[in-house]
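Contents: one structure, followed by commentary.
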Amino acid sequence: MDLRVEIAGLHLDHPVINGSGTFDAIAARRAFGDALLAAFPFSMFVSKTITPEARAGNPPPRIFETPAGMINSIGLPNKGLEGFLAQDLPQLAELPVPLCVSVMATSHGEFARLVEAVAARDEVAALELNISCPNVESGLIVGEQAPETLSLLQTVRPITAKPLIVKLTPNVADPAAIARAAGEGGADAVSLVNTLKATAFAPGSTEPWLGAGRGGLSGPAIRPVALEQVRSVAASVSIPIIGMGGIESGADALDFLATGAAVVAVGTANFRDPLAGARVRAELEAALASAGLASPQDLGERIAASTST
Amino acid sequence: MPPLTGSKPASDARTLVPPGRRLCEVTENRAAGGYRIFSALDESGPEPRAGQFYMLAAADGWGQRTGRPYLPRAFSVAEATPADGGLRLHFLVEAVGPGTERLAGLRAGEGLWVTGPLGRPFSVPGDLASGVTGAILVGGGIGLAPLAILRRQLGERGVPLRTLVGFRDREHSGGVDELFSCCEVRLASEDGHAGHRGYVTDLLAVLLEGDDAPTAVVYACGPPAMLEVVRALCSERGVTAELAMETPMACGFGACFGCAVPLAAGGYMRLCSDGPVVNAADIETALVAGSGHRACGR
Amino acid sequence: MDLRVEIAGLHLDHPVINGSGTFDAIAARRAFGDALLAAFPFSMFVSKTITPEARAGNPPPRIFETPAGMINSIGLPNKGLEGFLAQDLPQLAELPVPLCVSVMATSHGEFARLVEAVAARDEVAALELNISCPNVESGLIVGEQAPETLSLLQTVRPITAKPLIVKLTPNVADPAAIARAAGEGGADAVSLVNTLKATAFAPGSTEPWLGAGRGGLSGPAIRPVALEQVRSVAASVSIPIIGMGGIESGADALDFLATGAAVVAVGTANFRDPLAGARVRAELEAALASAGLASPQDLGERIAASTST
Amino acid sequence: MPPLTGSKPASDARTLVPPGRRLCEVTENRAAGGYRIFSALDESGPEPRAGQFYMLAAADGWGQRTGRPYLPRAFSVAEATPADGGLRLHFLVEAVGPGTERLAGLRAGEGLWVTGPLGRPFSVPGDLASGVTGAILVGGGIGLAPLAILRRQLGERGVPLRTLVGFRDREHSGGVDELFSCCEVRLASEDGHAGHRGYVTDLLAVLLEGDDAPTAVVYACGPPAMLEVVRALCSERGVTAELAMETPMACGFGACFGCAVPLAAGGYMRLCSDGPVVNAADIETALVAGSGHRACGR
């Protein structure tokens, strides 16, 4: 079966990529060696979000298992722009797939600096803007406000012709409104969902468990919410969608494609199996075949046909 | 992240591991004192080094407590023995929650998902500090697991070693005989039912008073409170120590950054890939929030 | 142990009530007889939401099981105000606990009509305003907009002195802002969370499963999200909170009380066991005792003490 | 909701059920053709009437497929026999998903959560229509379950009855002998391996041509497509019919309004409390969206 997809000008071998921050290809290669490259599970690699300056991340504990999911409050540990470009980028460039770098900042100026420096590198095929962050100037969370999202895009869009993907937060009443603003600002695609705001208490105590007090929920528990947000965004924008949230199997991936995503990302499931993405891809191929479809495009056409009648 | 100080082994020669989890057959599960030892046949993984761990999940019944366990669980390998068709891996388990309960209940013939061996193993004494010839192994309760295989591997290299083991009480002290067969072990127990009445760290303190202390390195595994005493004792006396630590882990292969342990130099390490064996001089404390869930041995 | 709690002027025997729409006491009594009344699991009974006119509800299928949860798209079937008052109220009045009636309408006038007619009945101890509904005049979802919530409260608050509880929707960026508006408008308490917007596909097909296309997610899967919303609302308002979302055990209930709820509600768990509420209450008693607390109030005081330092 | 038309039994005498679920011990689990029959000892519930159902959940391993099953599952009682210390309840199961798989795998001695018996049972023929003396039972595949106990209960009242049973193929036709021992049964099978080659509803159509058709009521249970043919046949010929239907259910006791079935008069009934046995005249169609997940018998 022909699983190739094109999204935002990127040509991918199949529709399964990783969620930012859920697969460190450098650490994984250190553990698994070059066998990992031969069996690389994703058709594009999305880096963990980087910020202008290095960050140590949040105090432990950082994770908590919940019914069919987990909460994380990792706190974006990263080497900062300079460290990333110097140390990580050369290693990520050795991966057998295109590279997308996820970036986050708290002001337009810093966002612009990141986009400019990262987009300038040939190793980088695309950028993802993680907008679940406050704008230090307005005090508002960028991804919760359509005007903030639009104005951020207006700042960074002119900087590069490379694909810009906007990663939406699910913690809003109307994700489609944010997606429309991203599209209006010139985003090439949106990806969703990021994690749902969540917290947990230490078992048998009345104290919060996480070192940072709260974090974000991911995994199968949130899949029905993610699927609904993808549906609502797909019904509202024409730019392509990268769908994620609790995808564990090819059947799950098919649901996201059927509801309007062009590409799917595997996140938390990678923690259960470093090659979860490869299994999802294989199962998706089988699921498409048994739904009588010859390619992901076929599915898109079937949906278009059924919604236009 | 600042570079790790202390004595990282000169060549960080890791064993390469098949990417992806693999299904192994459980071959045995038996009681060992207050714990259980279960074994599985690994047909394709490399031989683990002492201190390394595996991420484990039962093929069936994972998720049975309303969706938990969901993630795999980290387990130190207690022993690895050649077997027909592969390696037989042995794990020591204490049931403290849904994941360990399910693993403690595995029956022979069931499937076990395995990823590993993962992480940084214990170093060879000579790689840790020059002039060092011997080793002191300090284990508390279920913290024995990695010391069993370490004892064998060091023994094979002819490293002279002394083993100190602590238990809460009689009920939890079984299993030692099996794991440390033909090996001299000094015991401590909090209830005094065997050996010294008190903590295993009391025995270590005495040993570290001895003249030969500077020629030994300490390898320790056990609950955070015990490790912290070991760290402080060794730090005071300038003795090199490696600690096998625990924190909650989601992935075990560096993917999630969930297993942060504070570094003495500031910032954090990922315990799954920079550990789980850490040089005591590198960390700020062994009392890492979230890691102290099992009150065994000390 | 003294489990009594006082909330919004209501004196309850213990802090466990039901979530609206998750326990039909009339149908349950038909199945289980008066033994149900003797073992009644809740300290207050909250009715299913009623609307001005009768509604048949959504086409089937209406439910879908998800990882550690379920989606429902029931569609508020109910007999309408007149039918409720004539047929259901007399039967609900026979329950051994105070009655709270949940109401929903799509205009201020209709909301006022419901509140007036329901509050006038002696059998009714309190009202819950379900505001996960559109305002047909503004077209906005009331519970997603602080000004809409405030203006609704300003309409209905003068009508009755009985406790008004506002049931918040979790599908917002900032539930605390809505809770503040409810408090400002004179609400006596807020309850949260309602269900998270969600959807699902029919297994092995590319069609949505639910007859209505989408619905709301409930159950343990959403508990970490509910707990975080309760925390954020508790940090922001002084009126009491009824916390719910995936509560299955006394330990879960304790988490909600510890994070700032005065009362907890059991919803989806009732479907697994008609007496789940009674078990939660018994386990909560044990959990409070083992945390060294003599009553739910003690917990409140411990929290107040720890946050004021 | 409009009142139910058709012939609701004069006295809707329900058996009162203990509120709350109760833990029963599984006593047996054996293969029966393509299905399995498992039994549990109910120490405190009342005797069920034919057509009633229970909500079931395994005490362990519920949730094992990443948090599913989460809700209990509805099961028609196939037989209830007096036993030492209570009633032995028998259920017929076909594994079609995580819940039925787990139940089909129950072992004797395991715990089973049980709520019930729930819902409206089959009516006695005389209560349904005057002048009716006999009954025709029509079952498809796993739809046999409630007919087994119905057959016995009607037999005990001396109601003359004929039983028509349909199966997909040889593999699925086992179990009939056991459930319908000492009882005349006419078979249909889609593959023709036994009885009429075709659908069980073909047999019904022939019977309803007979002169004595007006003196019989039809009781049917099976997949939606089969029930729909029964409904249409009986409606055409003015024969009273009761259908035991299925839909996805969350609670089983009227709490969730999840089990809606469209009424002929408009609106919906709750199948768990207004059914699961419905008068064919009351419903719009037996082809309720979401209920047709099992392609058995017809």
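Every chain is named by a letter (A, B, C and D) in the order it is written, and numbering of its residues begins at 1.
Operating definition for what follows: a contact is a pair of C-beta atoms (placed from the backbone, for glycine too) under 8 Å apart; a residue touches a chain by one contact, two chains touch by 3 or more.
This one's a predicted model, so the numbers in the text were calculated from it and none came from an experiment.
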item: Chains in simultaneous contact with chain C and chain D; value: A, B
item: Result of counting contacting C-beta pairs for B-C and A-B, higher pair; value: A-B
item: Euclidean distance of C-alpha centroids - chain B vs chain D, Å; value: 55
item: Euclidean distance of C-alpha centroids - chain A vs chain B, Å; value: 35
item: Chain A-chain C separation of Cα centroids, rounded to whole Å; value: 34
item: Between chain B and chain C, centroid-to-centroid distance (C-alpha), Å; value: 47
item: In chain D, residues with contacts to at least two other chains; value: 63, 66-67, 70
item: Contacts with 2+ other chains: residues of chain A; value: 64, 66-69, 219-221
item: Pairwise touch network: line, ring, star, complete, or other; value: complete
item: Footprint of chain A on chain D - complex, ascending; value: 66-67
item: Interfacial residue positions of chain B with respect to chain A in the complex; value: 1, 14, 16-21, 57, 63, 66-72, 113, 115, 118, 247-251, 253-262, 266-268, 270, 273, 288-291
item: Of all residues in chain C, those that touch chain A in their complex; value: 64, 66-69, 71, 141, 144, 171-174, 196-201, 203-206, 214, 217, 219-225, 227-229, 231-232, 246, 251, 254-255, 258-259, 290-291, 299, 302-303
item: Touching residues on chain B, where the partner in the complex is chain D; value: 60-67, 70
item: Chain D-touching residues of chain C, taken from the complex the two chains share; value: 21-24, 26-28, 30-33, 35-36, 39, 48, 56-70, 72, 74, 77, 79, 209, 211, 219-221, 268, 270-275, 278
